[in-house]
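Lettered A, B, C, D, E, F, G and H in written order, each chain numbered from 1.
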Amino acid sequence: MSDFNLDWQREARTGVAEAVLCEPKTPAQIAAILGEAAARSARLLLTRLALEQYDALPRALREQLDFEPLSRTAILGGLPSGKPIEGALVVAAGTADLGPAREAARTLAFHGHTAPLIADVGVAGLWRLNEQLGRLREARVLIVAAGMEGALFSVVAGLVSAPVIALPTSVGYGVAAGGVVALHSALSSCAPGVMAVNIDNGFGAAAAAIKIMEAARR
Amino acid sequence: MSDFNLDWQREARTGVAEAVLCEPKTPAQIAAILGEAAARSARLLLTRLALEQYDALPRALREQLDFEPLSRTAILGGLPSGKPIEGALVVAAGTADLGPAREAARTLAFHGHTAPLIADVGVAGLWRLNEQLGRLREARVLIVAAGMEGALFSVVAGLVSAPVIALPTSVGYGVAAGGVVALHSALSSCAPGVMAVNIDNGFGAAAAAIKIMEAARR
Amino acid sequence: MSDFNLDWQREARTGVAEAVLCEPKTPAQIAAILGEAAARSARLLLTRLALEQYDALPRALREQLDFEPLSRTAILGGLPSGKPIEGALVVAAGTADLGPAREAARTLAFHGHTAPLIADVGVAGLWRLNEQLGRLREARVLIVAAGMEGALFSVVAGLVSAPVIALPTSVGYGVAAGGVVALHSALSSCAPGVMAVNIDNGFGAAAAAIKIMEAARR
Amino acid sequence: MSDFNLDWQREARTGVAEAVLCEPKTPAQIAAILGEAAARSARLLLTRLALEQYDALPRALREQLDFEPLSRTAILGGLPSGKPIEGALVVAAGTADLGPAREAARTLAFHGHTAPLIADVGVAGLWRLNEQLGRLREARVLIVAAGMEGALFSVVAGLVSAPVIALPTSVGYGVAAGGVVALHSALSSCAPGVMAVNIDNGFGAAAAAIKIMEAARR
Amino acid sequence: MSDFNLDWQREARTGVAEAVLCEPKTPAQIAAILGEAAARSARLLLTRLALEQYDALPRALREQLDFEPLSRTAILGGLPSGKPIEGALVVAAGTADLGPAREAARTLAFHGHTAPLIADVGVAGLWRLNEQLGRLREARVLIVAAGMEGALFSVVAGLVSAPVIALPTSVGYGVAAGGVVALHSALSSCAPGVMAVNIDNGFGAAAAAIKIMEAARR
Amino acid sequence: MSDFNLDWQREARTGVAEAVLCEPKTPAQIAAILGEAAARSARLLLTRLALEQYDALPRALREQLDFEPLSRTAILGGLPSGKPIEGALVVAAGTADLGPAREAARTLAFHGHTAPLIADVGVAGLWRLNEQLGRLREARVLIVAAGMEGALFSVVAGLVSAPVIALPTSVGYGVAAGGVVALHSALSSCAPGVMAVNIDNGFGAAAAAIKIMEAARR
Amino acid sequence: MSDFNLDWQREARTGVAEAVLCEPKTPAQIAAILGEAAARSARLLLTRLALEQYDALPRALREQLDFEPLSRTAILGGLPSGKPIEGALVVAAGTADLGPAREAARTLAFHGHTAPLIADVGVAGLWRLNEQLGRLREARVLIVAAGMEGALFSVVAGLVSAPVIALPTSVGYGVAAGGVVALHSALSSCAPGVMAVNIDNGFGAAAAAIKIMEAARR
Amino acid sequence: MSDFNLDWQREARTGVAEAVLCEPKTPAQIAAILGEAAARSARLLLTRLALEQYDALPRALREQLDFEPLSRTAILGGLPSGKPIEGALVVAAGTADLGPAREAARTLAFHGHTAPLIADVGVAGLWRLNEQLGRLREARVLIVAAGMEGALFSVVAGLVSAPVIALPTSVGYGVAAGGVVALHSALSSCAPGVMAVNIDNGFGAAAAAIKIMEAARR
């Protein structure tokens, strides 16, 4: 019996394709999954693929992948053709939050969405956020990536009417190590309507944004 | 200087009105806020209003409120006129989750949305969920309220394409006391696109749903 | 041997008088301490004195106390004469944070400081904070009281050059219950120079502010 | 005095043989234990034996061991002869859960049981589970291995009458890192009769299954 | 639509009947469920029914219930007729663990099993346990209820070959408050094959024991 | 079968008599235990006996008990005759720590030891401790009771050569609520040789001190 | 769009310059930030710069940096000219606390302050602290760095009148691993007026001290 | 000013010499401390000295040290001459607990005590403990080292009258990872008089035992 059983119907059923979470898998398991996808000529998104795991894949597979080390994502089969869907916006509090933010942007692109990204607008200097206020208010759905104390979630959600998906990141140390403080700040935000996904889960944040955009198109 | 300073422009700015979180306030503070709202002829939603707090309000104020003990919500000024907006659906895993689920439904109604509620469809008996599959798939946004281990979030999100807002409840005991297990199950769901709000935060879940419905209408 | 041994020299040695933390003490113990202070004609500050504890004190003692239920503080012997020292400012994020904020203000007053208090300036409506920006920037030391996600600490500290003492409060529910999220937000603030005291410790926040004001006067 | 004192009578007394937990032991300690077992011509199961530990053993010992890196188990002395006992079934939610699931299967085999394993039937795609429903209902005892939010425990236990042993795995990240969410989901399952073992404890899950099968044979 | 939707087929499907967890329900909700059961002439088990909740039920319902305050259980419709199934044994470490232990015993009886209970055999005096060794070794499945440090789980499991279901109780204070230490001791027991249920979950422990006994009878 | 089975030989076997932990027991259970002790003319120590529990005992039993509400202890049968053993000393950091400190002192007295108690010597005013340095250095074993941050454990252990038993108390609020900070301070003390017992466990601290004193007498 | 957007006005606005937290950044990101600073001829402070990150920077950049491995800090552009401001004092409990203590001292120096440092004055030997009492009492603001149980915070704060900034360090193991015990000891200190910053946050402690010194100079 | 300031009078003042905790120190710092000790011809105990740290010391220093990798201890200057003091006994639950157990034994030897060690007597096979009962009952003070669930603490303390020092070890995985379960089992033991030290703190356990033995000799 096989070690895996991909849910190829998931995109049709739920609007978002199954992605391969690579972190807990061996290179052999990842290669086997890529092999099945290639045999079906299917497009596939890989997340949390460490550089060491990528390097351990057979060269022939590596050459088929569009791999980005910062976001630890790889795409097999390229982006969808056709005009991208506009409306989503990704905001990163600091330079250090760019990994998960890029994972979200790459997931949006994989599903045919534009994925503009605004970086380094943390609340310790509110003027940086104010410069971007126009773009923030134009978006139909926002993904906000922040670590440390995550104050950006509340500040953004108090300024816009679009849904805000909080993407807490594991950036921080001491009590903030691992991202729990940012996550809890999102969940207990004084600005109503903030929704949270798991720490560093850029894929999940994008999946939620895609579903929201789809709800708007039905 | 006053003890409070309501943000009357919040609905215009963010799409959701400021609600009064009553739990940490004294009856005198609640009465003063209600007085200001009445003076402005403004509608107002009160959340986490315990029966004891309600009973301690002046009779004249109590008579103006539509109070529901199960959800601990009160509405001043009635529901909006006009045809309600359709598309949101509230699902409660068990009878014990009805408090937060009703808080969400009441918040939806306060903002002019329909708020149908399906109760007692926990995963220990999947046939109950299957009976409701048609209604689940018709919804444009779902709020799923569950305590204990919160398995319902993943099961529902694996079946529908609409966005799923997980509303973890504090129902449970032992390791599940306080609702953290349900919250963490929502955040680490194997079904992509689940978004979570704070434990028992029916108001926040509804606020998010309203923003998603608005995004769909723009 | 006596059950207590007050440190009457503490104010001379450290700049802040010993206060009586009443919560874990019996009414008999509190009464005995008040009796010794009265016998010395000493002024005394009592903190975390619940209404039930106050009511259980002998009437003669109650009549000598200036008791404020909201902050659970009582003062024996009145405020110091002379012109109060100016420079400290207390800011409360919401109405619900007024208890600890008032404990700080009362402690400042007990030690001869002015204690102005700005209430209800949470970040979900930044305009409220902006209206107070002038007063915030004039202060020589700020105590900021906030519960929930505590985003106010970072926002204020990013706007002023005076030291900011974060006073996290236990206002909140779900993951924010007990105040730990607000505390951790203060500690991991992206705005440098925020200092934190224990949750609901208005006395400690004021003690720190008094020491900072004294350092400025030496 | 010796560093170890193996409990050779344990299988007779409790039905399950003592296994050697290798993780916290030095290679020299492991080699000494294997030496004593070989001297007694005893069969022995080693668990949590890392590849590095295995490689550090003397070659003569390595050649006597049947070592499987994925499950980190090694068997000295082969499997028991005779017809294996049928009835146990191991289910793994995802490919990433195969390590602990295989540890359980190897432990069953060491004790003379068949150990069929069904992989990749997570609840985000319930159709995969439904395809296996017949096999699930035939089993006399089930070990279900799952990480992340562990929703599979409740879903399986709601479908079968045999005892379900939940084997939470450490697969996950963010709040699910380390496996505590899966463990807590098992413990607070809304489906009655789920029993849990420690995170990644495939040996313990199998030991429990063996005892249950024995109880059925007495 | 109704607030509840009982899973009357659960016993046929899984071997254990659905029980009504009363703690998070209002008396009105409990009464409505009892009413439906009575209308079907169905037997019903209620768990975690506080004395105050019981007292708030209509007298007519109370008179139909067999209520035991110590275990907070009530039975509607009496025990099953016919010869009880023998083999299960409940062991309680101390007098204080009798509440959950009795909940387990009552659940066993409701499902037609004998439910002998041995009390006060904690490991601080091993002679008490040794006196009962014969009865312990005769049982086909054991439920061991213990709070505090839960050392009894390991000691019993090291002495018998039958499966041991650890029922951690919330008895304890300081670090042991709430029962987490006992639960964790069960999960990390050095004696293989111990399985754990949630803290104070006597119902779940009994449900597991019933499934194990059934597995033995198939 | 009886609900309890007292270990009357424990004092002979381990040097400390079994005490009855009353908190999790019903008044009927406590009364039954007292009845058995009275029938044997045995002395008995009751701990964590709340005033409400004491008041619910039959009057005849109450009259035989020496009950102290502050320490929640009761003694049946009086103190031992003969000259008390000298050497133990109990130190309490603050007035609020007197409950557990008195529980320790009463347990010492029950077992025939003197139990002097020094109160209110917290480290915020080291002069209070210095005044008692002679008595501290004369003791053969010290029990130090402290809540809050528990700095007293390290300071005392750095000054004396006798063994120091840290008795953390649950006095505190915010992060110190429940006593875990004091406990952890004791365990990670920079002064070697500090030993800790559970939070508020005055009985256990005294039991350890008694065993240490006995070791010195053998 | 750029990955970073430095807040060059922060020193003017808040009194403390933005520093670059290097730990979560790639060498390429750090090099780009240094490049922008060099282009502006701006001075810059880098914190949490691991030796491996430093070694991965281009040689030309490395040669411009004053790098100190123990504190993991680097300074671009040297210290400010002019007479340093006197008054701050850094105290380290043990040799192992020198890393964060030096980060604080280097940050003070970067901003034009003297930064004397007293090392190894832990409370297990109070005589070491007493030898330094004069210097402690002369300081206008103190930063106290301590790990383990952090008793030094309370002892120092009980002896001086200047503000005390507690800098908990991650030195410790067992329950003290990571520094949470030291942090919690600071927050729950029985000596009033202790303020805490995050674990190992020497930069933040110094930023707070600088603001306090500035408040004294206005 | 020096980075360190050893407390050479500690043994005279408290009965136990200061040891050098090497884990958080650099090799240069360790070498400097050893240099000062050698210059004084002082004996010195080093704890938590990793093999890598030892290897990084200058060869001349390494040759003066008696280093044992398993316990990570090194002794400078050899053991004391004269007849060792008898009475202490170290017990280790399993082979994996030998590291901390040996640290305790080496610390005892450094201070002139015998340090017999009994290994591998975990409670899953009580017969192993019973074989050693005579030796256990002869000891005047016992150090019991155990990880996992730590049931051995309660079982031993129920069998002997001497004081029992629980030394929890970090052996374990899942919920038991890091040793907190064993620590909490010790603290909440149902056997009175168990005292605990920090996880893996073999030095502290021995320091406590030495103080107890000294108390017995005064």
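Going forward, contacts are C-beta pairs under 8 Å (C-beta built on N, C-alpha and C of every residue); 3 or more make two chains touch, one makes a residue touch a chain.
None of these values were measured; they are calculated from a predicted model.
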item: Least hop count linking subunit E to subunit G through chains in contact; value: 2
item: Each chain counted as touching subunit B and subunit C at once; value: A
item: Neighbouring chains shared between subunit D and subunit E, ordered by label; value: B, H
item: Chain whose mean Cα position lies farthest from subunit B; value: H
item: Size of the rotation, in steps of 5 degrees, that lays the CA trace of subunit C over subunit F; value: 90
item: Taking each chain's C-alpha mean as its centre, the one farthest from subunit F; value: A
item: Listed chain pair F-H, C-F or D-E that repeats interface B-C [over half of contact pairs the same by residue number]; value: C-F
item: Geometric centre distance via CA averages, subunit E-subunit A, whole Å; value: 45
item: Centroid distance [mean C-alpha coordinates] between subunit G and subunit D, Å; value: 49
item: Intercentroid distance (Cα basis), subunit E paired with subunit B, Å; value: 35
item: Overlap residues in subunit F, where contacts from two or more other chains coincide; value: 10, 13, 18, 124-125, 157-159, 174-176, 180, 183, 187-188, 191-192, 198, 201
item: All touching chain pairs, where touch follows the definition stated at the start; value: A-B, A-C, A-D, A-G, B-C, B-D, B-E, C-F, C-G, D-E, D-H, E-F, E-H, F-G, F-H, G-H
item: Footprint of subunit A on subunit B - complex, ascending; value: 10, 13-16, 18-19, 87, 140-141, 157-165, 183, 187-188, 191-198, 201, 203-204, 207-208, 210-218
item: Touching residues (chain side subunit F, partner subunit G) in the complex; value: 93-94, 122-126, 148-151, 153-155, 157-159, 172, 174-176, 180-181, 184-192
item: Complex contacts: residues of subunit D adjacent to subunit A; value: 70, 95-96, 98, 117-121, 124-125, 127-128, 147, 171, 173-177
item: Contacting residues of subunit A [partner subunit D, same complex]; value: 1-5, 7, 9-10, 13, 18, 21, 23-26, 29, 33, 48, 168, 170, 178-180, 183, 198-201
